[in-house]
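Paired with subunit B in one complex and with subunit C in the other, subunit A is shared by the two complexes that follow.
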Partner chain A sequence: MLGNNGKIDGFSGINPIESKEELIKIYPAKVARKRAKHITVYDREEGDPPEIEANVRTVPGIITQRGCSYAGCKGVVLGPTRDIVNITHGPIGCGFYSWLTRRNQTRPPSDESENFITYAFSTDMQEKEIIFGGEKKLKQAIQEAYDIFHPKAISIFATCPVGLIGDDIHAVAREMKEKLGINVFAFSCEGYKGVSQSAGHHIANNQLFKHVIGLKNEKNDAKYKINLLGEYNIGGDAFEIERVLEKCGIELVATFSGNSTYEGFANSHVADLNTVMCHRSINYVAEMMEKKYGIPWTKVNFIGAESSAKSLRKIAAYFDNAELKAKVEKVIEEEMKEVEKVRAEVKAKCEGKTAMLFVGGSRAHHYQDLFTEIGMTTVAAGYEFGHRDDYEGRRVLPTIKVDADSRNIEELEVSADEKLYSPRKTEAEIEKMKSKGIDFKEYEGLMSDMAKNSLVIDDISHYETEKLLEIYKPDIFCAGIKEKYAIQKMGIPCKQLHSYDYGGPYAGFKGAINFYKDIDQMVNTKIWKEIKAPWETEPQLSARYGSE
Partner chain B sequence: MLLRHTPKEIAHREALNINPAKTCQPIGAMYAAFGLHGCLPHSHGSQGCCAYHRSALSRHYKEPIMAATSSFTEGSSVFGGQANLVESIQNIFSIYNPTVIAVHTTCLSETIGDDIPQIISKAKADGKIPNGKFVIHANTPSYSGSHVYGFANMVNGMVQYFSETTQNRKNQINIIPGWVEPGDMREIKRIALEMGIQTILFPDTSGVLDAPQTGKHVFYPKGGVRVDDLKTSGDSIATIALGDTASSPAAKTLDTKNKVPCHIMGLPIGLKATDRFVNALRTIAGVNVPESISDERGMLLDMITDMHSYFYGKKVALFGDPDQLVGLTEFLVTLDMKPIHIVTGTPSKTFEKDIQDILGPDTKANIHLSDTFMLHQLIKNEPVDLLFGNTYGKYIARDEDIPFIRYGFPILDRIGHSYFPTVGYRGGMRLIEQILGALLDRKERDSSEEKFELVL
Partner chain C sequence: MEKKTFVSTRNACKLCAPFGSTLVFKGIEGALPFIHGSQGCATYIRRYMISHFREPVDIASSSLGESATIFGGRKNLSAGLKNVMKQYNPKMIGIATNCLSETIGENIEQYIKEFQSNDKAYSKIPLVGVSAPSYKGTHQTGFHEAVRSVVKTLVKRKGERKKLLSILPGFVSCEDLRHLKEILEDFGLDYTLLPDYSETLDGVFWNEYRKIPEGGTPIRRIKEMGMSKAVIELGKSLLKSESAGSWLSKEFDIPYYNLPLPIGIQESDRFFKTLEKVKGFPMPEKYKKERGRLLDAYIDGHKYLFGKKAVIYGDEDFVASMASFVSEIGVIPVLCASGEDRLKETLKTLIDPKIMDQIEVLPSSDFMEIAEKAEVLKPDVFIGSSKGYFMARKMKVPLMRAGFPIHDRMGGQRMLHLGYKGTQMLFDRLVNIFIEVKQETSPVGYSYI
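Moving on, here comes the complex of A and B:
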């Protein structure tokens, strides 16, 4: 068992309230007031988690982890898809930086199958286009892409200047779609939209829903058909989940969007259940598919062996078939053998150590499970671009005020499809399942799993990161590439939870084993003890002669 | 095949860039700013650009890359970014306390047309810039030029903001090293020092982006040119600008602003370019070249003469930035190798001519302002024995099974480039080691058992 669910009170006598004060002391008064609302001490005894400010604009000049809407849309959600030609409309930089840097692995079925992941396509906008408009060049670029590659679909991503100069990328898409006879669609994901990558996720969700999902209608006779939403196949995570699902006899219709294809998206509405991994980046698609096609969604987590087992059981319970349930139990039992063995070895060496996780919009939550499994406690955590519901749970959704920065992200009006809507479960069935503990449309949020008196910090600044490390001296800090080397200069290992430091997979059962081993190696390496040179630790007391 | 859709037939393209051989201006400005001691780069635009530039530099250097952003929202895009920049300046000085904030623009703030000098003056007038602290800027519109231009513009900004004339010439030479690695800057300083010459080298990222592990994160590491030293650059006897694209704007500004005569020359890559650099130092400073430097030259030459037969006639493809490509091409020709495809994404008026001059009028080569998709197609049409380029080249190298040497920016998957120079004679020796290693590893991989030999 996991010993008190990893919830260990109090950390070596550090007072979290005082820590919070320390973190914001240096700020000008106005900034301190703002940042204070993003930092909460979670006292588990007082009922619902405390309110945290999230998904609001970052203070200028503060050194943030956050990126932009384009990164969330083109980089995160559409990046992992292999057979769409993704053209960045803008100056060269944005397209260059999002070229292969997110480690989205993909597995085309044959050597001839389409795979554009290794390519970066850009209109490489020049001054001329900034002044006179870039629509002509964009059309030409689409034509050239079509002539060379003959893809099934082409998509267009707007970068910052595009909106300002008034290019109508959607009109261009319509025109080229007509002309070429393939699907062409566009994303208005200019970097200044919203306050972080999160806006881009939403924009990506909307356009996929509008332009791709439901286009195909191929019958799928598999008995247990699901989609996996919000899993991006970093380091091969999706491959591992695919392996496990297949072993259980569960058919994966589409993944949004790890190892995915255009056709997979187009036919995803034939699935009978949507399972949601990264709630932040994809919940919109789940919600809209439920309304339009009648597919219920439920939150899963394949990060952590226990969580993976739990998620499989949840899927089996949803389909409510004895054979499937038995199969799932058998798979779990098989897989857990190796997991348990490695876990016991690693836990013996990691038990009692502490971790901090500041990353993304779901990983800072999911990865706590893996740490818990090897006896480590998360003493502080937070998201880079989560919303309040990702922290406090979806129950707070009705109380979230939508500010000006988020209001300009379109909310699609969705209604039941005349032909394709078919509720997979009746309301009575859903209620019955709920009473058995299967939740739908629910996400408890990160705070629900945090230990008493832990710190939850939203959109952490670099200054706060360093202070936190000074005060708590955790055994490991999880963040991204921009934070990694500064943290390691402080003598604390930093695990990248976007890129996995080029390791992985970390999902599923095999992934858990990889993670245990990697963390063991990071927190138990002796190299950090070598920071002081011998002459720094043994001061020369007095001169001696060689013969002494 | 990783780049399975790249056809051999080259179709004319006007609008679509595929697999670029360049990136945008701000990242160059950010890199240059790290060469100023106590400087925090600041990206004036929406925060995505800053995140991307920091990530790319972090992956290349495996070092902390601290930079701030104005975090534009849609509102700032409509009303301009003045409020964001003034707020940033105030926050940066109170939280991170740099000596200098180096502001660069992004395509967003450029398209809006924010007037940065005016905003800086306003911040100053409002008392947001403490005494003894500085805010400098460079305009870096990403829709023209490339990352190299951004570097050049920020270095030029350093001169515009800091160089001064006191009428007393100082016996020192300015060296603008171009976009080279920290280890290269260190090597250039060492050569000058070895020759007994006082220099002001800027920007100088040595000691900043190759900082030691000490158990502390020193926010402003000890390297970088000091503002006080930079100020005296206006009194130097001359400026040597290495690399036309990256260094000439600043050198020319020093000439017009402070009447410091400038010598614009190529990067000292390989034997001949280093000869010219050392010779320029010698004549400008009026010193003799010490034996130690002549010895280094001799060692490089010795390596070449010893192993010449392995280089002779080997065909090479290279992509990267104009200044580096010119130097590298010359060195390859010195080794009797044959550069046949040379591609840059950075526009340069002199690039094609410079390369053709090195190759000689009768030698045909594909010299293009284009992208690496095009380079790959050229290679498919005429295969090569060796490929030079940044990390993205490894996809081409794998598909076409070509030995590959990582050279340029960014290098995301190996280390060493930031520490071990490729400039100067010693740098030439390292390049030789790399080239030979790549060629001989391949020869051995492909040789039959009876041709596999112990001594080469």
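Moving on, here comes the complex of A and C:
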């Protein structure tokens, strides 16, 4: 293991319990009590991670990083697919704001190939539709989208008013599907459902499973076939992962959903293993595919060079083929040469520095590996929309209480498909693999990897972010664009992990190199120190000479 | 108006109402914007604003969930307001509704009244509510509605007439706001500019974090607006009955000037003339020189511009003034388009009928429609926000970025459009675009053109 896990440099003087108090003391008593449950200090020596409150509604008036279920459904899960026309059913704002907002890249095979990512269709509801219903307009919009593009599939996303005025978007979808002879399906992802984007992920998973996965049945003769779930091709990550897998001779049937296509989804059930990157947003599909088609799933992580190597080895071990294993080792060896060279240079300059990560539902975990590789310690981290299992591990699943906000999100009843179910491994084989350390249906959660006494904060508020920065003054803070400029106003560099600040890729081996270099540049750059005017730094200069 | 052949909006040329409203609240000193509704919109809007301004933007929300759609959001609103007050200690909270709260029929004015009378401890902080359903109008509607609500809520006293000038600039850039202030100061005018987000959304580096950034129109000054000796409101797209300026004028019997955005010589002249009238003496030498230089540049640059065709898109008032400016310099605004629906009427208020005849006007349009028309009209340049990049790229026609949003370049908030000086900058950029095209497409690499 790299880095200095266990020993925490750089913030030894700060008592995490006191910092927790500091973060919440301004709140009214009731709110403080609530927020206290979302903040834990993990003392590794005390066994399992402590319970953290997560996936509950944000207190009104607390400025959150979270978005809505529409954002999770349309923006995150379906957004990166290039050949489905997405129509937002609602007033103009939601569709406009989710128009090519993430830097989801895609690579159509040719200039003429379908790519609708740059389009934002909306029914642009007006008062008339709010009063009299918007189904008619929705039908027309679907027809128009069809007339312009003749796509294979059209999907419809509901925004807040839709559920309230009682539009039956699923009936509209069925009718238009019949009429146009293409696949049309809808998502009831109204923003008020659930407590964050996470509800939208679940809704997206359900509908993809119901309406797309398994529709096609094209034979695929490749020897080692996998799907990659929960990878959204931010900054071209998917391209790098695709490159590495191809080099190893592993066939990627479908990615959900970076650089993906409708056909890929439809045929994804022919894969022999589902590998899961972002557990939060896509574990439902993995679970359901296992039940229906008999495809096991395992957690992987292609963020971090070591983690990528580990993930590749896991895939090779699953297929249990000597040739594949040798190939994977060779690729790792080749790729690691350059990685190690850059890492050594960067590590020398970054060792001992501290990072904080507050983002998403898996990124705040995955990126810790990259920081560890260059000797930096993550002193505080948390998710925007994670659940308890994403923090504490899936072993807590049976004990999670489902509250009113999540109860209304449909849980699909799934059973084995009469024709297509075929268990890829026997139970005995699975058990044997488990005994060799290959885990299935398992995710350890973020806390398992964090340093002793680090702070874990769920759904951190804007206010808490500011306080945290004040107390810890980390060398870098990872978040999204909403936080970026506030953090930088305090002189601390902020790396965006939703868009990579238009850098990247950061996945795989080449991505790790990019990340090391970018982080080096950010934490060691002079700008952050020279921001102070000369008359402000001078007195401090002399003080520093004295103490150093 | 021609009947549209489509009903959906494909790549919209407008944003939603709460965006405009929260932007106005960002321009009031110590104010915190708050969206009463589902939290997703607050997040989207924050993110969108930040992508242009590159500054921290805090917008709170009452985080309405599924149960609120049944029982209403009263409780969430009052809890939310209290929490915001504790954390941020704001001097004012501006509350915009959104599609969700409007669809379930929340009455924001009523809720505010109840909140303030229920708990005296919380009644000291002024609350301004604005109804901002996006299924009516655009971000511009939300913007102007919010200005009107601020004025109607805060301007109370009618006192002795002061020398004060009230100026309502509409949605312009931070640099535009700074330039307006510079002009007013040079005129020696005592003024209230509402809103003024020039500092809050384009601030200096901070040595110490501030929960609410410095700057913004002081609330005290807003309260005095009823004692103004004149009100200037920019933007001809405003229906008189719905604007803050016309309300002030009617309510307090104040002379009212509704002017287009001062872009181009004609409209800048009109603006400066109005200031001369209000102040009672001619414009300072500095501006005469700016005007003179601009005129001189017009003459020098004419040969590069004459007969060129431009497509201008964006907010109505921006498009109208831009069209007026480019037609002054011999460029034909062959296509003027907006996601708003009164573009033709707005254009007519400032464009010469002879030029109007040469313009195709597309109100209530989207970028697909604009692109289709542009394909036919074959413009030499696009003028508008980053959102037109896609079509400009496809047609291989240069894009002059102006207006909002600009998030594929730095400095959108520091782009100056207004006055002789702003026009000068636009003019230079526009000429240089054509010179660059000429240079780049020339077989010889001339460095002297």
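As a convention for this text, the second predicted complex is superposed on the first by the 526 of 548 C-alpha atoms of A that agree within 3 Å, B and C clash if a C-alpha of one lies under 4 Å from a C-alpha of the other, contacts with A are read in each partner's own complex, and residues count from 1 in each chain.
The rule is short, and it goes like this: contacts are C-beta pairs under 8 Å (C-beta built on N, C-alpha and C of every residue); 3 or more make two chains touch, one makes a residue touch a chain.
These numbers come from a predicted model, not from an experiment.
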When subunit B and subunit C are modelled together on subunit A, clash or fit: clash
A:153 touches, of subunit B and subunit C: first, second, both or neither? neither
Partner chain in contact with A:127 - subunit B first, subunit C second, else both or neither: both
Touched partner set for A:114, first subunit B, second subunit C, both or neither: first
Which superposed partner A:470 touches (first subunit B, second subunit C, both, neither): second
Touched partner set for A:455, first subunit B, second subunit C, both or neither: neither
Touching partner for A:99 - first (subunit B), second (subunit C), both, neither: both
Contact residues common to both interfaces of subunit A (with subunit B and with subunit C): 26-28, 31, 57-71, 87, 90-99, 101, 118-127, 129-130, 137, 140-141, 144-145, 148, 159-161, 163-165, 191-195, 404-405, 408, 462-463, 466, 480-482, 484-486, 489-491, 531-532
Interfacial residue positions of subunit A with respect to subunit C in the complex: 26-28, 31, 57-71, 87, 90-99, 101, 118-127, 129-130, 137, 140-141, 144-145, 148, 159-161, 163-165, 191-195, 404-405, 408, 462-463, 466, 469-470, 480-482, 484-486, 489-491, 531-532, 536
Subunit A-touching residues of subunit C, taken from the complex the two chains share: 6-12, 14-19, 34, 37-48, 50-51, 54-69, 76-77, 79-84, 86-88, 98-100, 103-104, 133-136, 138, 203, 205-207, 209, 211, 339, 368, 390
Residues of subunit B touching subunit A in the complex: 1-5, 7, 11, 13-20, 22-27, 42, 45-49, 51-56, 58-59, 61-77, 84-85, 87-92, 94-96, 106-108, 110-112, 141-144, 146, 211, 213-218, 345, 373, 392, 395, 412
Complex interface listing, subunit A residues touching subunit B: 26-28, 31, 57-71, 87, 90-101, 111-112, 114-116, 118-127, 129-130, 137-141, 143-145, 147-149, 159-161, 163-165, 191-196, 404-405, 408, 461-463, 466, 480-482, 484-491, 531-532
